[in-house]
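Chain IDs A, B and C follow the sequence of writing; residue 1 opens each chain.
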């Protein structure tokens, strides 16, 4: 199995890429939970004026009827007005696109942003919706029957890993 | 004894009928989920698509505009369709048996029945006869239970006091007829609140109340001492004079909450009331509108709690 | 017509006899034996006992034919081994007129199953105001007078009724329950009712009524049979009163020997009974009092209720349970739990109620009526709607496995039921 890229390096690269985009109306929102970790790194690196927003899409998921409510929904916290902002929406792994769809829906319930760009640490195959990332740290091929996920250790260190799909 | 009819075979919340018998983890999950929904209700667009396409039938066999409205708002904020049936006054359903009414509505593709009924246990009967995909939420049955009110009371207490572990809670007034008191008591004891007191004259305290895990006090002096939380119960008009009580005035004098009596409780005590209040009977305006009162926040929290309950019964949790 | 019940374990609770043997019946009565029988019932491996006598079984006629009919309930009686039953007067209209009593007896007789002993209403329409024509009713066949489950709240009326009944030496069968304290109540006033938010009936609703009744018995000398005692405190009072020599007898509902308010569970309307199921301690006291003789006998308090009337919130559900077909197995269960022998157990549903009723049945001896039940005490069966002949399937024991199954029931020498 190919070794997975280092998360911190991916973050640095993404931050460099994003720096060019940052303007006075730029704000960042991380998707709970992995996206929020990545967004934390990027937000600090870019030194954005607006505080970091956090989105839990539990109430917007499209598999609620099948899966039910997420085990531990967190409160979405968007500490700035979304209206007119150029949003950087950050997630860890882009897979089916459904999470991003739910996140965009939720964002619009907060207001009408000027634009949304999708930033992901890694993208893989398996898209089910017409969604693509504007900024992806890496493109990773995931072996059959496996899932790519971001893990955080006790010291706050992040790493990508393959786990068996449930 | 049969399985707790509120839980499905996986121990998940299928119906919400009573706080009694629900494990602490489920109660905690309801409160935590409600907290997430509280965020939604603070937004401009106070609506999430979670129950889109679901139908909630408010089935009120006993009139209560307020409770019905809070359920209606909660359901609408979850994007569900809400159908209100005021069975108490509707000629369509008069004379029809409870189960016939439910069967009829079930044929209209209901997902949630919110049931209020004057007879203790009625929602249990409904829950035993609905289809597997239908859920029943008890909105108050007789003197038995009012679990969403109990949950919003718990939410309020946690919101202001953070932790249940060291609290003294006093519940004052007509405990005998109060489903609110019963539900709250079960919740408080499940969360391990060390001291729960009920205060009232003997005529308004039910037989064997101590078995619920409460201390029975007959005077406010004894019962309010050191209380962190004071819950005032509504005294129904028809009980204000007769064999239970001589008069509303005498009740107010001994058990009505005044600023003076509130001074017996802790300095940072909160005062709660399920509403609607009888000012000057169980509670004076000075207290109801005073700095210790959290009566209006209770109403706000109630919506988030009901959203949590509805989403959990439908989604399984 | 001669009938031979052959080779069974013959138990006569009245004498305590318990031995394998034959029982002969000729011309409706038990005889010493001899002659060639017209019919033989093989009772090998089974118990042969006097037919059960049930002092409280509602047949729902007249007035409640939608709940049950005389046919269905008389079938249920003999299927349960009950050969004599007394029916309370709470029919619609109540049994307060000789014509009604006469009709009931004739209808019952025409069905030729169990013997039916009507209990007349003590007051007109059971309203507790005006006395019924007791002498007329007695002539029509009433064996006693009762208020069924409707208490007389006016003590003056109760006093007069007892005086009047005593004048003719008519027995009066009364439940002890203070009307005011029981008003609106649907469950035992205790922890369970408090938890479930059900209006309670305190145990002292019974003891207050008993105290009143005892004083009236002392004053009038009336022969009173106390029906369905329900509390430990009530049992203690009865024990004292009987010790003091008051002319009292007493029964208990068979359900109250086995169930308590804990069995209400999540508002099980099958456990809505009158009097209410009380605490475990009360149940234990009742079971002990039936064993020690403070309580004479157990009754089914058979009350068929149609399903719709039970599919209601607890307090709105109609009270009562079907019982004729459960009387024997539940009595046996009680006997096993109290470690009594079969003769001692069966006495409570045969010879003891016969004594209260003042009839010659309930025993196996020459000259006694040829009413017998042949049953298998070890046969287990699960209570289910399909197993019950009664039109009322309302029982808290649905789904429960019980021991004791009737094989043959004989009334006046005729086989009226065969499994």
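Heads up, the rule we're going with is that a contact is a pair of C-beta atoms (placed from the backbone, for glycine too) under 8 Å apart; a residue touches a chain by one contact, two chains touch by 3 or more.
Bear in mind the structure is a predicted one, so any value in this text is a computation, not a measurement.
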Could you tell me which pair, A-B or B-C, is linked by more C-beta pairs in contact?
-> B-C
Specify the chain with the shortest distance from its C-alpha centroid to the centroid of every protein C-alpha atom present.
-> B
Chain-centre distance (mean CA atoms) for subunit A and subunit C, in whole Å, is 75
Centroid distance [mean C-alpha coordinates] between subunit C and subunit B, Å = 44
Indicate the whole-number Å distance between the mean C-alpha point of subunit A and the mean C-alpha point of subunit B.
-> 39
Interfacial residue positions of subunit A with respect to subunit B in the complex = 56, 58-60, 64, 67-69, 72-77, 105-106, 109-111
For subunit B, which residues count as touching subunit A in their complex?
-> 12, 29, 32-33, 35-40, 43-45, 47-50, 311-312, 314-317
Hey, which residues of subunit C end up touching subunit B in the complex?
-> 189-191, 193-200, 202, 265-267, 269, 308, 311-316
Touching subunit C in the complex: which residues of subunit B?
-> 1-2, 5, 20, 97-99, 117, 119-122, 124-125, 129, 141-145, 179, 182, 206-209, 211-212
